[in-house]
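This is the structure, below, for whatever I ask next.
So that you can tell them apart, the chains are marked A, B, C, D, E, F, G, H, I and J in the order they are listed, and the count of residues begins at 1 in each.
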Amino acid sequence: MPNIETFENPHPKRNYVIRHVAPEFTSVCPKTGQPDYGTIEIEYIASDLCIELKSLKFYLQSFRNEGVFYEDVVNRILDDMVTALSPRTMVVTGSFTPRGGMHSVVIAEYPDEAEFADDE
Amino acid sequence: MPNIETFENPHPKRNYVIRHVAPEFTSVCPKTGQPDYGTIEIEYIASDLCIELKSLKFYLQSFRNEGVFYEDVVNRILDDMVTALSPRTMVVTGSFTPRGGMHSVVIAEYPDEAEFADDE
Amino acid sequence: MPNIETFENPHPKRNYVIRHVAPEFTSVCPKTGQPDYGTIEIEYIASDLCIELKSLKFYLQSFRNEGVFYEDVVNRILDDMVTALSPRTMVVTGSFTPRGGMHSVVIAEYPDEAEFADDE
Amino acid sequence: MPNIETFENPHPKRNYVIRHVAPEFTSVCPKTGQPDYGTIEIEYIASDLCIELKSLKFYLQSFRNEGVFYEDVVNRILDDMVTALSPRTMVVTGSFTPRGGMHSVVIAEYPDEAEFADDE
Amino acid sequence: MPNIETFENPHPKRNYVIRHVAPEFTSVCPKTGQPDYGTIEIEYIASDLCIELKSLKFYLQSFRNEGVFYEDVVNRILDDMVTALSPRTMVVTGSFTPRGGMHSVVIAEYPDEAEFADDE
Amino acid sequence: MPNIETFENPHPKRNYVIRHVAPEFTSVCPKTGQPDYGTIEIEYIASDLCIELKSLKFYLQSFRNEGVFYEDVVNRILDDMVTALSPRTMVVTGSFTPRGGMHSVVIAEYPDEAEFADDE
Amino acid sequence: MPNIETFENPHPKRNYVIRHVAPEFTSVCPKTGQPDYGTIEIEYIASDLCIELKSLKFYLQSFRNEGVFYEDVVNRILDDMVTALSPRTMVVTGSFTPRGGMHSVVIAEYPDEAEFADDE
Amino acid sequence: MPNIETFENPHPKRNYVIRHVAPEFTSVCPKTGQPDYGTIEIEYIASDLCIELKSLKFYLQSFRNEGVFYEDVVNRILDDMVTALSPRTMVVTGSFTPRGGMHSVVIAEYPDEAEFADDE
Amino acid sequence: MPNIETFENPHPKRNYVIRHVAPEFTSVCPKTGQPDYGTIEIEYIASDLCIELKSLKFYLQSFRNEGVFYEDVVNRILDDMVTALSPRTMVVTGSFTPRGGMHSVVIAEYPDEAEFADDE
Amino acid sequence: MPNIETFENPHPKRNYVIRHVAPEFTSVCPKTGQPDYGTIEIEYIASDLCIELKSLKFYLQSFRNEGVFYEDVVNRILDDMVTALSPRTMVVTGSFTPRGGMHSVVIAEYPDEAEFADDE
């Protein structure tokens, strides 16, 4: 996995929203070996670090030939971003093109407000 | 009815949203015997199980030659999905093409927050 | 006025939404005698009864040659539907085509949460 | 200014919404003398009176050759309507076409929930 | 930086919304020296002062040949506007055209409801 | 049938195009007695006469309660207009809303370049 | 195959265009057994006969459970319509929903101006 | 009528197309005295002169309080432009907003290829 | 390169159009090594052979990790398809997503009506 | 002016179309000194040379701070491209954002079929 590079948040005292939308995401279906396509949207409120755009592009490209389910890839992107940025909040949305006549969307959020006490 | 197959939720500790949109739904009007057409959207937060996409396609196809009212089919899909997946929450929406110059939408939700204690 | 026919709600224990959209509504302006055109949308949560679609079509057609103001027709449809169905909640929306360079929308809701105590 | 004519609210006991949208509004910029163009939307819940559509058209036309700023015209329309109708609530929105590469929107509301105590 | 000119709010007792949308914003990427393009939207509730449109145009043009990051420019516009206008509330949104297959949005708000006590 | 009123073509020496689009057309299906809805578009190059807009409105309204097939109504409008206006050329298009899951368009033209010699 | 019913062309001396658009077409893929979906558009200039809309609906429904390729079904509909109507000209277009990430369109025309004398 | 100012065509040896679209046109209906609204589009191939944009704006504004029919105004604009510019070719299109439920388009062209010999 | 599989044209005596649209095309820029994305549309009139859809999908996927310019890839697809199908006519269109703030389209056609005599 | 770089046409024997669309064009109005914005589209059939995309970007950026009229800039881009590429045919289209309530389009073509021998 390529490094996710960051730069210092130029306005760390304000809770402002940053959203990057990447409509050229592609990965591979782990079941059929066929390519999947979709749009990944990352929206966050930065703490001390912002994500550098070029490294985000390379990071998302690293899934190009990797087999991964929709439900998994969105959560993994969220986990990787949260690790790299420690944002105040973040939402990652993946919208995938039709397969078998159906299209799918997966939306994961940090922090998870309704997390399950006893699981932790 | 075909089996609804599931796979293990890869991120069960997080409340993330999964949405599948199937614009090729068709059933038969029980009154006129004429085909009905619409889009079925299933949005849920998984507990331990996710729905497998291919089996969802076959499940929805099983209504192709079955007579069923709009109000009924959306609730039945919700009931079947809840039984198969035990999701944390689920919303099923059916949007049907015009009949008699009118089009219809039906939206059912689990759990039903305003359920009627035992007043029925 | 034609009879509004109903059928038994197939899932009376769940609060699910039913919406019918009729873009071919027409009535007559009581002031000018000119035809008015618009879309009537009826959205409700059924109690024990659902509205039968064909009788809804005939009901809406009964306004075709009747003189009635925008503000009045939407409220009258709401009243008639509430009488026929005793729904848990209902919203009727009328969106009318331009007259004199302006178009109009009227939205009425049952129950009216802000009803006026001293009037009742 | 032309008279704003009204008619009796046919359903005064219900809080229902009435919205009129007038996309053919034009006035004159008091600074440049150039015409301005926009859409005026008036949305209200009537008390005892509804606005008569034809007089609304004439009222809005009365700004055709009058010099008035965006921020002012929207508030003046709201004031005039509130005076004429004594509505339960009203929102007036003006959306103006581009000037200098920018377009503008002004939205004023009655009653103003956050009015300023000491000013009154 | 050009002066941000203001005029007296003609209706200072009412909390009404003013929104200016400038789709012709351009600046320069400080990293690559390449031009960036986007839409800046400024929405505020005025206190005593409103922003004069022509000076807003000149203010935004002052970024034309300046190197500035997306995250920075939106916050700087907000800071400059707050200084010039002392508005009751303000939101500045920048939506930028695709770079590297991704487009970005930044949204900053005043006052920042979730400001960080110990930082101040 | 109401009179189709005309006025003198103000520029009879030039072949210029006039198009009127009436999206509020309604008639009655002669087979089912149910209302039909559609848009009638009349495009012509005038000779000496132009159609007066108000009388066109009344003319089209005269079909409101008349039973007539799609294929017939478009040709009848063309015939009536040609009789009233003797235009250089005219095309009448009717686009009707869905019935039985299908929508229909009928387009008739004067003069008919491919008319059938032996029929005349 | 259901009978294609016709009615007499009410204006047989004029070459006017009739177009029916059926967005609810479905058949079965002969290779996979999976349902296909699409829109069938039939545009023709009638000779002595017009197609009756209800029988067209039943005719198109007869493909619902039949296995047939895109390229074949469009040509077969054209052949059946030409046999039933002997139109002056006809074009049949089928636009099918995505399969394997690709969607397809097939367009067949009668008469085929470039037909191959007997060189086949 | 304000002067239509021109500037020298910077590339007079090439037949290139210039199109100006003015969506803020307004005049007055000579019959009802009510304002009309529409979009005027002027497309031409210049000979030696191009139209200066600011003077075009003032020219079009001169119709603001003038009574003129749709069919007339488009031809008059064409005549005025042809007189001022002597273009190689020109097309003027007026698209007007709905009146009485119908909207209208008028298109006039210079030179008129099918002009009427004996009239000249 | 995967085999392009074909099947026998079921209606070889008619010149009918077949169009396949593949919005999920991706290749690699030979200069930067960065992925390119676009839509490939193949429209043809078959002679004796039609392209089999699944093999078309695999054929297009074979460019996934190959370095190729826009201008080249569209022509190569055309050449490969013409070799495999010997169609009567074919047009291949590639529409690519923005790079450097510009998007590109390439359209190649067989046969090339304006081919260059002396080159052959 | 930056160099327009080219590369060898990979398929010089075929007349295929190449189109580049640049929606981020900006220059300066020579009269007012204010920035202009628009989209430049270049469509051509290459002879021996194709335009290299990165140098096209830099070429278009060279107008960023240059004063030039709409009518002039489109013709100058065409002239520069024809000089650099000697294409078989080329069309350059500039679509500019609204100024004074009007937007403008300029379209120039090479070769100019109706060129004026030397009669100017």
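To be clear about the criterion, a contact is a pair of C-beta atoms (placed from the backbone, for glycine too) under 8 Å apart; a residue touches a chain by one contact, two chains touch by 3 or more.
Note that the coordinates shown come from a computational prediction; the quantities given were computed from them, not determined experimentally.
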{"item": "Reference interface B-G: repeating pair among D-H, A-E or B-C with over half of contacts shared", "value": "D-H"}
{"item": "Higher-contact pair (C-beta pairs counted), E-I versus D-H", "value": "D-H"}
{"item": "Length of the line joining the C-alpha centres of chain C and chain F, rounded to whole Å", "value": "33"}
{"item": "Between chain D and chain I, centroid-to-centroid distance (C-alpha), Å", "value": "56"}
{"item": "Whole-Å gap separating chain D and chain G, where each centre is the average of the chain's CA atoms", "value": "53"}
{"item": "Approximate Å spacing (C-alpha centroids) for the pair chain G, chain I", "value": "27"}
{"item": "Where chain A touches two or more other chains, by residue", "value": "23-24, 37, 97, 99, 101"}
{"item": "Of chain G, residues touching chain B in the complex", "value": "23-24, 26, 34-35, 37, 61, 64-65, 97"}
{"item": "Residue ranges of chain C in contact with chain D within the complex", "value": "69-72, 74-75, 99-109, 112-116, 119-120"}
{"item": "Residue ranges of chain I in contact with chain E within the complex", "value": "37, 97-99, 101"}
{"item": "Chain F residues touching chain H - in the complex, by the definition given at the top", "value": "7, 9-11, 13-24, 46, 50, 53-54, 56-57"}
